[in-house]
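The letters A, B and C name the chains in turn, as written, and every chain counts its residues from 1.
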Amino acid sequence: MTVVALPKRGFIDSLPGGPAVTQGLAWARRYPLLPGFVLLFVLVIPAIFANQIAPHDHRIGDLDLVKRPPAWIGDKIVEQTVVQKQDRRVARQGEITLSSATRRMKRGTATFLEGGGDGTVDVGDKLRVVIRQGGTWTYPLGTDKQGRDILSRLIHGSRVSLTVSVLAIALGGGLGVILGLLAAYKGGITDTLIMRLVDIKLAFPSILLALVLVAAWKPGLLTVIIVISVLLWARYARVVRGEAISIMNRDFIDRAQVAGASDWRIMARHIFPNLMNTVVVLATLEVGHVIILESTLSFLGAGIPRPTPAWGVMVADGRELIVAAWWIFFFPCVAIVLTVLSMNLMGDWLRDKLDPKLRNI
Amino acid sequence: MATAQGEVILEVNDLRTYFYTRTSVVKAVDGISFNLRQGETLGIVGESGCGKTITALSLLRLVPKPAGRIVGGEILLHGEDLLQKSEDEMRRVRGQKISMILQDPQTSLNPVFNIGNQLMESLALTHKEGRKNLFQRAVESLRDVNVAAPERRLEDFPHQMSGGMKQRVVGAIAMSLEPDIIIADEPTTALDVTIQLQYLRLLKDIQARTGLAIIFITHDFGVVARMCDRVAVMYAGHIVEHGSVRDLFNDPQHPYTQALMDSVPKLEEKVDRLYSIEGQPPLLWDLPEGCLFAPRCPHARDKCQEYPPTFDIKEGHTADCWRLDPSW
Amino acid sequence: MQRYILRRSAQGLLAIIVISMVVFALARVTGDPTQVLLPDEASEEQILQTQIEWGLDKPLHIQYFVYIKRLTRGDLGNSFKWAGVPASELIAERLPATVQLSAFALLISAAIAFPVGVLVAVKKDTGIDYAGKMVAILGQSAPSFALGLILMWVFAVQLDWFPTSGRGGLSHMVLPGVALGYYNVAALMRLTRSSMLEVLDTEYVKLARIKGVSERRVIWKHCFRNALIVPLTYFGLIGAVLITGSVVTETVFAWPGLGALVIEAILARDFTVVQAVVLLFAFTFILINILVDILYAYIDPRIRYS
């Protein structure tokens, strides 16, 4: 008959999935600590202090240490029998040609298992061959095909992502806010024109538009920023217009008009501040989108040009070595996914906090 | 209105249905007992949120999951406890033994299927026969609820029908498998007054023809007087008074029943204003100790801090109120 | 209904015209196509000759009208890069591959998203629901090229279940199909879940249960069709996602379709081909949207009769 306060382990916890999942998810919703932490350490700090943090020069590699795996991966060793075949491609698995065996012996990446009593390599000898050397802690995430440190390149790559997201969102968001305000405030033909333009823009696949635009100009950081901001404005314009119209129906706007304030002044001083939350939430939600766009363009060769270590470029570099050296494509992928994921979680959290009605856009 | 003398077909003992939220337990139905005889109509009356609908859904074991659970008691249908049945067995009880008419005809029909489809779906559960026969049966069940030109109506979609027509169709669906018991959950609240009367008459006619038992859920004592043989008054998950319509109307014992009666405008009296019960029904997740009506009761005393037992007033008339205690 | 379709078609046509103008303008503003056509050391005369040959000496708007006139006769112009091969021929050659892959991707996304969406709705607030949510969030955070490569690495390189790239039998289609369809799966699944939850809570579902209809039938007959309405509106967007995706996924998996073609053309500044493919994509996209609206009216009779 009275309220029975449930003990901590109640009915919900007895559901399949158990307390860990429910508690964990609820916790992650309430405190965006983990995503914030990831963002700070994957995106912001590396971007700002790239020169101080990066352990190696991201531009110049060590050609003696190309395609080194990450530190925790050991030598890859196989047993091979020496055979008399000239072309090493002809040798079957478990076999090694005489010439390459001799070469490896000299470099010290092969040792005798059987035979070799005379110190030279003969057909029929069994060798223990290190076909791939393990990683070292000097290059924690390994090196690429030019021997460049992947970690250092990732750190410098975060600069690209951060710069592009901040500038593109500032530019595109700014444009969208202004157009949205104009559409809402002026109404009539201005409104119709702007909103038609928004419809057409939203009806067009982003990547395709971006590709056409980038190809029309020259690939580069500035082009990418401008192109992405062109992709972003429409959504801002639509949301801001809707919000602004509802704000304008409140009477303080009428009062300002009666007081003789100019149109721009009313927009800037009276309407815009009321839109701040919406704009901030939209901006956060868009960062992930921008990072995906930028890295996709770079991956396709239509974004940031080499040798700038944009994450997308790094993935493109690693793509051809996917069989021999997975770490080259894999770590940049992880960096992108982690950043975007954290940003999305962060955006969700911020939206719920500041502007829950944005939930359905 | 003589008390029906048919055999007892449904017996509910100490039924409890609770809802579990993250922080508390809501006792929507907290230990109610009643029985139902063949051919009679039992009214369950109370304000909204008092647990009437949850009682009905509990009888069908359709309490919203996973929050709601039936935590205790028994529901004996022809002597068999429904709470012990498997989900499969339960499915054969629904529609065939106990059926229900929901409150809002506007939303109780599926908008994407036509009427025939929805009627024949339930008919097909017991009648394993061809489409043609099912169609005939569907036509007949629509005719039973006085739908004109049923053949054509079967092709219609719900949004093409009026509210009253939809509620007849819902009735036809509920009745189509010839259940022993129909639960009617405020079936007329969403209808116009004239249509309401038609509908109630229809229910009575069907009952007279088939001898089914009706549990009539309502908040309207006027409807109770017209429809029911016996009444159970519910308040905050409990049945606070229970008796024949005559007893309850002539001699209401629980202050809540009295208050409800007073709130019904009487035709013969000139009323200046409608009487309403002061205060709000308690929040089910924040129930007071003791008698649940005490905070709104004009007679409340210290004794009401303890929940009263059920007192017999006379044969078949009981109430939960300390005022019936000789020591009051 | 007919008027509605007509109006939608008119809107679509307008959008295509605007898109054709934008693409046309971009192609011409950004430098002389003769640079692509001729070697760097070409003489003035040669350049002039080529300009006349390709009609590039006329004012821009004339060029546009000529382009449109040809377009109406089905002439999309000749490629710069592939030595004067008509763009329509290039498209015809690549189109089947893209259609095949997109259809397959659509099929798997629908085949996965709808049942799983229903499942997580029915199992709301259980471990299955949370797992589904996590996978969806994680997937939507991965750009399609990253997802494609990771799939390729795990299932083609490490496990050797599927070929890494190229077009061939069904096994060639699995990885690119999943990579292309994945984004839709996540979004569709979430939409199906939420609209399913809404429908599960309605009175008519309650009535179906009261009738004694089996739970499976309640879910698949009474709920699913109603719940489908919202995710279906999303199918228009899927067109965009598939087009966007095909550009990236075809590049990742060396799938010889239109997406890969447009990338090659863009990188080679072959604007005839770019124009042609972009127009085709835009047209497809708008067509899908109109078709979805019609389908929508079919599923929901309330729309059909109004």
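We take it that a residue touches a chain if its C-beta (ideal position, glycine included) is under 8 Å from a C-beta of that chain, and two chains touch if they have at least 3 such contacts.
This structure is a prediction, so every number in the text was calculated from the model and none was measured.
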item: Centroid-based (C-alpha) most distant chain relative to chain A; value: B
item: Central chain of the complex, centres being mean CA coordinates; value: C
item: Rounded Å distance, chain B centre to chain C centre (Cα mean); value: 53
item: Approximate Å spacing (C-alpha centroids) for the pair chain A, chain B; value: 59
item: Chain A-chain C separation of Cα centroids, rounded to whole Å; value: 23
item: Per-residue overlap in chain A, given as positions that touch at least 2 other chains; value: 12, 15
item: Chain B residues counted as touching two or more neighbouring chains; value: 66
item: Residues within chain C bordering two or more other chains; value: 125
item: Chain B partner contacts - residues on chain C that touch it in the complex; value: 124-125, 202-215, 221-222, 225-226, 299-302, 305
item: Contacting residues of chain A [partner chain C, same complex]; value: 12, 15-18, 21-22, 25, 199-200, 203-208, 211-217, 288, 292, 295-296, 299-302, 312, 315, 318-319, 322-323, 326, 329-330, 333, 336-337, 340-341, 344-345
item: Touching residues on chain B, where the partner in the complex is chain C; value: 60, 62, 66, 87, 91-96, 99-100, 102-104, 107-113, 121-122, 125, 157, 159-160, 170, 173-174, 177
item: Contact set on chain C toward chain A in their complex; value: 15, 18-19, 23, 26-27, 29-30, 125-131, 133, 137-138, 140-146, 149-150, 152-153, 157, 164, 240-241, 243-244, 247-248, 251-252, 262-263, 266-267, 269, 274, 278, 281-282, 285-286, 289
